[in-house]
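You will see two complexes here that share chain A, one where it goes with chain B and one where it goes with chain C.
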Partner chain A sequence: MADFLDLIVFVILMVVGYTAGRMAERRHYRSILAREQELGGVMVFSNRFPPLSGVRGQALVAGSVVISEDYFKRVVSGIQSIFGGRLRSYESLLDRARREAVLRMKEEARGKGSRMIVNVKFQTFSIPGRNPRSYGAVEVMAYGTALTQA
Partner chain B sequence: MLISNLEIIPGSRIVKHLGLVQGSTVRSKHVGKDIMAGLKNIVGGELKGYTDLLKEARQEATDRMVQQAKGIGANAVLNVRFSTSSITQGAAEMLAYGTAVVLE
Partner chain C sequence: MEYRNPQVPEGINVSATHPLLDFLRLLGGLAVIAAVVIAAAVFLADRLAKYIPFQAEQEFASQFSGKLPAPGVVSTYLQQLATRLASAQGLPPGMGVTVHFVDEPTVNAFATLGGNIVVFRGLLARMPSENALAMVLGHEIAHVKLRHPVSTMGRGLAIGVAVATISSGAGNDIAGRTIGHAGLLTAMTFSRAQERAADEEALRALAQVYGHVAHADEVFRLLAEEAAKLPVDPPAFLRTHPLDRERIDAIAQAAQANHWPTTGSLLALPDDVRKLISTPGP
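Coming up: the complex of A and B.
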């Protein structure tokens, strides 16, 4: 009986994780695409050196986000990692997190009147849970120097 | 105090190098936030509590680095990098480091 209950809970968690996770991901991608259009005017470069002329001011800007996976992704990736290969569910998680971090950095730069960010670096970090099985949040931070042009 | 992750600042010259400065902070999760995060781990999505936590940690680390730079008479910190590491379960360290310099 207890095993049966466990199974029911598992199935419910899978269904909730799948639907809510899918919805969250789709909504997030929509918002990312819309804001990428909107912030297209702020250019991002990974150059280490700034242009030598025409720069008036500069400021360190950063954007960070912590995104959690859902229950469905965790179970599926657990199964997939037995066979190895691509873990698609994590790829999209990291893609979302990186793009979101860059967008937040761009927003900060735009708020400071800048249209150019150079020397952009990424920092990825996974947050350990209290219980070893509850891994599954990833933090991405993007930072760079926003330049204001003369 | 000027903080930048560039190695040179357009239009100004470095007069003096004062060496590496750093600032770090260790933050732990709040129990309430942890429970919320546990729920979010089922449905997925952004963990806003953690995002804020890490933002605060970054600010704190930067402030400490700036304090140290001020203490040795610098007016700018260049080539700033951030680094995160997990120490124990539920706690994370945020480190900011850079080169303290005097700009003219």
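Coming up: the complex of A and C.
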């Protein structure tokens, strides 16, 4: 009986995880694509030195996002780790996190009247640390120097 | 110089594969692993069980056989019958069976580790003759002789360990537990081949002790009726055994091949035993 209950709980978690995760992902991608168009005017460079002259001011800007896996992704990635290969279930998750972090950074830069961010870097941090039994969540942070022109 | 950040095309960092398709593919892989592990465990457990000394099995069983009820009139009778059948079956030296009687209405009997055989009142009360009862006991003694309980436990352990390793590798709690339970559940029963072998052994013993195999098939006919009465939850004895029709046919075939008479005089259960089992309670 307990086995049967476990199985039911497992199936419910899988279904909820899948549908909720899928819906959140679709909505997030729609929002990402729209805002990427909107913030296209703020350019991003990995160079350390500004590719222009006449800089009037600079400021540190950062965008940070914490993103968590859903139950379905977690099970799939767990099984995938037996066979190896591309962890497809996490690819979209991290893609969304990176792009969201850049968008938040760009929004901050635009608020400061900047149209250019240089020396952009990424940093990630695993929230549960190295505990394999814990949930999977990661912080992705993008930061750089926003320049304002004269 | 004019700078631009162009829109990067989609689908570079993300695979287009549908997540459910991905999941099904992985499940297929897991099924292959499970099939290989179970096949290996069954193969090894069947072949290695006979190398485990019976004494070790008994010592292991002693930790839980103390919980079984103390001997009484019924179990003394069952034990005497079992001893006669066991000597007819030629148990190897050092191996013996202990029969326990459980005063419960369950229609069941089973053999477990350490030569312990458990017979429930529900089954005993439905036995039309000693010959039919001897078929049940002979069947369970054969399981002990052929080392089925220990090979089943070995199979269950091997599967359990394999499942635990895989699921801890997958690093997932509930998923791993679910797979683990499923694996152990399938391992707790004797296989059909084991049941068939036990049936044959029991028939041989019956022919030797009584000179005929009458009422051997009666057991399965009775149990089939019993199962028909309880369509929701058939007794474990029925659920785990081969189909009764097949078994009755197999008994007829074996009797013909070995020239065992299928008719003969039947012995009744002793009066004191019958009185005790017809009324519930000790």
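By definition in this document, the second predicted complex is superposed on the first by the 144 of 150 C-alpha atoms of A that agree within 3 Å, B and C clash if a C-alpha of one lies under 4 Å from a C-alpha of the other, contacts with A are read in each partner's own complex, and residues count from 1 in each chain.
Convention: a residue touches a chain if its C-beta (ideal position, glycine included) is under 8 Å from a C-beta of that chain, and two chains touch if they have at least 3 such contacts.
Values in this document were obtained by computation on a predicted structure and should not be read as measured data.
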Label the relationship between chain B and chain C on chain A in the superposed model as either fit or clash.
-> fit
Does chain B (first) or chain C (second) touch A:I32, or do both, or does neither?
-> neither
Now for A:A62: first (chain B), second (chain C), both, or neither, which partner does it touch?
-> first
Angle at chain A between chain B and chain C: what is it in degrees to the nearest 10, using CA centres?
-> 120
Which superposed partner A:L13 touches (first chain B, second chain C, both, neither) | both
Which of chain B and chain C A:G78 touches, first, second, both or neither = second
Residues of chain A touched, compared between chain B and chain C (which is higher) = B
Would you sort A:P50 into first (chain B), second (chain C), both or neither based on which partner it touches?
-> first
Compute the least Cα distance separating chain B from chain C in the superposition and give it as a whole number of Å.
-> 13
Kindly list the residues of chain A that each of chain B and chain C touches, one partner per complex.
-> 13, 51-52, 73-74
Which residues, counting only chain A, touch chain C once they are in their complex?
-> 2-3, 6-7, 9-10, 13, 18, 22, 36-37, 40, 43-45, 51-52, 72-76, 78-83, 86, 88-89, 91-92, 94-95, 116, 132-133
Once bound in the complex, which stretches of chain A touch chain B?
-> 13, 16-17, 20-21, 24-25, 28, 48-53, 55, 58-60, 62, 64-71, 73-74, 100, 118-119, 121, 123, 125-130, 134, 136-137, 139, 141, 143-145, 147
Residue ranges of chain B in contact with chain A within the complex = 2-11, 34, 37-38, 40-47, 50-51, 54-55, 58, 80-84, 86, 89-90, 92
Considering the complex alone, what residue numbers of chain C touch chain A?
-> 1, 3-5, 7, 13-15, 17, 19-20, 22-23, 26-27, 29-30, 33, 166, 169-175, 177-178, 181-182, 185
